[in-house]
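Look at the two complexes coming up: chain A is in both, with chain B in one and chain C in the other.
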Partner chain A sequence: MKFVPPIKLAWLRFTSCSGCQLTLLNNEDSLAELAHVVELHNFPLLSSACGNAEALDVALVEGSLTSPGEVERLLAIRRKSRLLVAVGACALTGGVNAMVKGERHKAMVSIYGKAGAEWDTFPPQPIHHFVKVDGQIPGCPPEPHELLQAIAAILHGGWPSHQVMPVCMECRINENRCLLEEDCAPCLGPITQAGCDALCPGLGVPCEGCRGVVPEANRDELYRLFITAGLSEQEIRHRLERFGAAL
Partner chain B sequence: MIFGDPLEHTLREKLLSSLGQARNLWAPCLGKDGICRLQTIGAGPFPALAQPTMIPLKKLLLPYRETVWRYQSGRFRAAEMTGPFAVVGVTLCELQAVWYLDQVFAADESYQTRRANRFLVGMPCEPDSNCRCDQALMPLAGDIFIDQEQAWALSTAGEAVLHACGCTSQAEGPLPWPVGMTAQRPAITPEQYAAASDAPVWAEAASHCLSCGACSAVCPTCYCFDMLDDAALDGTVSRSRIWDNCFFAEHGKVAGGYDFRPGRAARLRFRMEHKFFGFGSLRGQNSCVGCGRCRKACPVDIDLDQIAARLKGEEGS
Partner chain C sequence: MIRLVVDPLTRVEGHGRVELQLRDGKLVDVTVRLLEAPRLFEALVVGRRCDEVPDLISRICAICSATHKVTALQAIENAMAVKIPPLAAAYRELLLLGGHIQSHALHLFCLILPDLYGTPDIIELLRQKVPLAQAGLDLKAFGNRIQKIAGGRVIHPVNPVFGGIAYQPGHDELEKLAKELLCWQRDWPDFSARLLQLDNYPEASPVIGTAVATGLQDEFALTGDCLWYGNDNVIAASDYAQLFAERPRPDTHAKDATGKAGPFLTGALARDRLATGRNISRNALADHHGIHGNNLAQVKEVGWALHRVGQLLETLLRASRSEPLRTDLAQMQGGIGTAAMEAPRGLLLHHYVIDEWGTIVAADIVTPTALNQRVIAAQIMADLTDEKDHARLREVAERIVRAYDPCISCAVHLVTVENPSSLSDYQ
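Up next, the complex of A and B:
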């Protein structure tokens, strides 16, 4: 699919923290360049003006879906966009929003009071449960350059190439001290898709798995390692559930 | 020693300043976190011993990610090469590994350009329990080997540098290889290996393997790569060569979705076959120089030598 710049681009936000939008804006050095190649039709974090273009080239979608109203809005966007890209953990897997467990009705009332009981919501869902997704940019949040790379690749009629590999590989390349090997720390690096340059282990913090699970992940062995390291079954489940890595 | 030290000091200092004049100097540096890394050392100090670094010399000869070309404003541009540099404090097993890479990439322009710019200085090491080096395995690459007050020239470039340092009498004896390291190296034949392809040890090791890729990433003779294309907002397109890894899910995949090596057991067998028996024109050349990095880096303690020992025991059973 070839595009002639400027491409008509809109950023849609559903249930999320807006961190992914901020990540795009964090590319300060490239924003002027970006403005040359995209025509921005919606970007909630920059302007409350809501675009109403009839057709879009690219829709970047952030957040998980939690209500019928959101689904309608998502379907409308899908219908008028040539490409729809899911951005960030919430859009890809439900993200941290999907951790909510237990009785939904009770939780709504305890947080929002009586009014909460009236709202029509459902447990957070990734957007691919409702619409066809043309591209995915993982991470909570993604790396700033990934968003630019995706837009640049789209301009060329493609999609960024990346390796399907775990965070451990980037961690080894960076010659970090392995937290799993040396400290028996509950690092999710071995089962988590790379691309963040092993950001957390590089800072001495075990990977939380925010970029989602690699294909063919060996959860069983990681589970065994974590149990040996002294974690309880529940602790392990919570760790895996944070970003939807539990089965 | 008291009398030996100043002399040794002098030779090292002379060598360092001689090499440092035209080149960046790299050496193994032990970090506060206990990890040894190859780093630039500026004006020193010159290491006293060689040490295996977490990522071996391929970090400089075959960088993790290198741009092969860039297409910008209607023109293709070749990748820029870094200037010449010297690596001091290289272990003997790693000098073998570089010889092996030299063979593998004999016809690779980018590798050869990088390689031509490198001056390698070997030094004695202190073997640990993971080491299983073997002097007879293959020849050495490199330029100079220095041990205390003695120096060996390993190449004509090395000879010239030693000469320039005023070191006229070169060491004559054999290089100081660690002794008794080969005892644990399993002697397994390709036939024995092939016959044991269904041995239970494969499924057992595969159940533990996390596919993290560490073993291959840290191996001085693992060199698989992939090619990736990238675009930038200004229209520049670039192609890079990036390390690949036989433990990754897509390494054995080809067009049509066919996978030559589905599953971890097949991937472990592939890596071991490559290490012990080689592929292509290097078939028959064992390329495990015995540095022990893979054993040390594996989070689930998988050790190819132990697997080989089990295969020999299980063969025919």
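Up next, the complex of A and C:
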């Protein structure tokens, strides 16, 4: 389905750090061009003209869901949007905030005192638990150009293609040194969806898996490699937990 | 009784709202509510290995992710008495300065400039081809480039690691940055003068709150071991809890957010006032525009940041490629550590208790907007006492909140938070 510009676009933010919308704004050279093809609806960080269109072309959704009120807002936006795109690790997997252990109630009280006990909240959920998602842009945060590519492709009635392969492949293509083999570092490159051009491993920093698990990932083999590299079971679990790679 | 509600506050980071109560047409009460969802960072870092914590904690906020990461590292390194190599410290400072420039440019040009031109957003200014709008975005892009080179990634940087930094950025990248910096240093005086000419600010009363800041040693810096406040009072950063008395109280939902010396004002304006008081700022800001002077202080600080980036680049370009980047610790050890940092929008404190295996036992984070929360409401009250027009009341109240450059994602950790569902009757 093609769109006639300007497309009516809304940015919805739920439980998150605002990093995904900031990533869109980090395309400083392209915002002027973007201004001609999109019409903003509900983008409070950027605009005071929170248009409230009856029907939207595209809703970009950032963050995980943690309360019934958020679910209500998400359902309402789904009903009036032709396309709904999940942006970033929190929207896709729940993100780092999903790591809180034990009873949520107790954690709420320990941080917010008695007021925390009355808060109607549940552990962070990805948005696909509640609504149909038409497109996903992974990463914590995504790469700035990925957001532009998605908007441009939508304008032309498509969706950017991406290769289903792990970050490891990008390291091979870029001829990066293998941090797992050579440094025994806890690199999640072997099981993480590529698309970042192996940014962190390319700089000598082990992959933390922020783009989520690649389909058909060989977790058993990675576990074996990590144990061989001298990591403890707990270290492996903590590493995998960060972006929902632990089962 | 009439209640005016501004919800959501726009062109600020995070979700907040302001409620204005009018009796007989006169403003009688102001409430500023921060409505972020709970993310429970203080709970999720407990039980984690301390070197993993900076990666997690930077996710509190994207705009300040570099500041959160470096502050967390500094607090943990303080707890274990780890001294990082000078080269690593210089790269971390470069990263923070990039973040400072990026954040100030975002605030001044994307969030404030539309008010000065009377448009709803920067997108409209770009459509109208207002030169300051694109130039401001270019400055933001420059700040981001510094963050990208020094930190590896613009948001949630990966280069700062426990004990120092992971890698040394390429020499040619630094050279390119230095060249670009020369252009900015050349253009900034004229560019900032054009911005300062736009003084379409609402009428304002004097600024409320006791200024507090760190980093006011003999030379202005973004970090320090002490907190300066009020009229040249000083306290060790590790004693912050005494100053702010910011603890949950069992008898009430509200936390007592200020100690006796408060309520506090933090941010660029507070830094400028304290630095001027200590004679480490060459020219004081003209005292008008009230709290909107915070924007002018940010303009002044961008100039300082550009200057400081130049000094650092000079040092870094001369540094040998074989200097150590990281202090290794043979074994994790326990301790208690605090670090104080000037985030773009004000004082940030991280405090960790670590057991002898290097696991986090407790965490405490005090953020700039949590500190400012009280003065924001008081300032709206003071500035708008005589205002009767409802549209104007809403507009100016929102502009006052915006002037503080609040970061509500950050702030939600240690302030009185509201359960959004209990507020639905107001909407």
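Assume the second predicted complex is superposed on the first by the 242 of 247 C-alpha atoms of A that agree within 3 Å, B and C clash if a C-alpha of one lies under 4 Å from a C-alpha of the other, contacts with A are read in each partner's own complex, and residues count from 1 in each chain.
By definition in this document, contacts are C-beta pairs under 8 Å (C-beta built on N, C-alpha and C of every residue); 3 or more make two chains touch, one makes a residue touch a chain.
This one's a predicted model, so the numbers in the text were calculated from it and none came from an experiment.
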Specify the outcome, clash or fit, for chain B and chain C once both structures are aligned onto chain A.
fit
Partner chain(s) touched by A:Asp197 [first = chain B, second = chain C, both, neither]:
neither
Name the contact category of A:Asn218: first (chain B only), second (chain C only), both, or neither.
first
Pick one for A:Glu233: touches chain B only (first), chain C only (second), both, or neither.
neither
In this superposed model, does chain C or chain B come into contact with more residues of chain A?
C
Partner chain in contact with A:Ser161 - chain B first, chain C second, else both or neither
first
On the A-aligned overlay, A:Glu28 touches which partner chain: chain B = first, chain C = second, or both, or neither?
second
Could you tell me if A:Asp183 is touching chain B, chain C, both of them or neither one (first, second, both, neither)?
neither
Partner chain(s) touched by A:Gly113 [first = chain B, second = chain C, both, neither]:
second
So after superposition, what is the minimum Cα distance from chain B to chain C, given in Å?
10
Under the contact definition given at the top, report the residues of chain A touching chain B in one complex and chain C in the other.
34, 36
Chain A-touching residues of chain B, taken from the complex the two chains share:
33-35, 37, 53-55, 64, 207-214, 217-218, 226, 228-235, 237, 242-245, 248-250, 264, 297, 299-300
With touch defined as at the start, can you tell me which chain A residues reach chain C in the complex?
13-20, 22-23, 25-26, 28-29, 31-32, 34-36, 40, 44-50, 63, 66-70, 95-97, 99-101, 104, 107-108, 110-116, 118-121, 140-141, 144, 199-200, 203-205, 208, 235, 238, 242
Chain B partner, complex, touching residues on chain A are 30, 33-34, 36-37, 148-149, 151-153, 155-156, 158, 160-166, 168-169, 172-173, 175-178, 180-182, 189-191, 214-218, 220-222, 225
In the complex of these two chains, what residues of chain C are touching chain A?
8-15, 37-44, 47-49, 52, 55-56, 59-63, 65, 106, 110, 114, 120-124, 126-127, 134, 137-138, 140-141, 144, 152-156, 158-159, 161, 166-167, 248-250, 252-253, 255, 398, 409, 413, 416-417, 419-422, 424
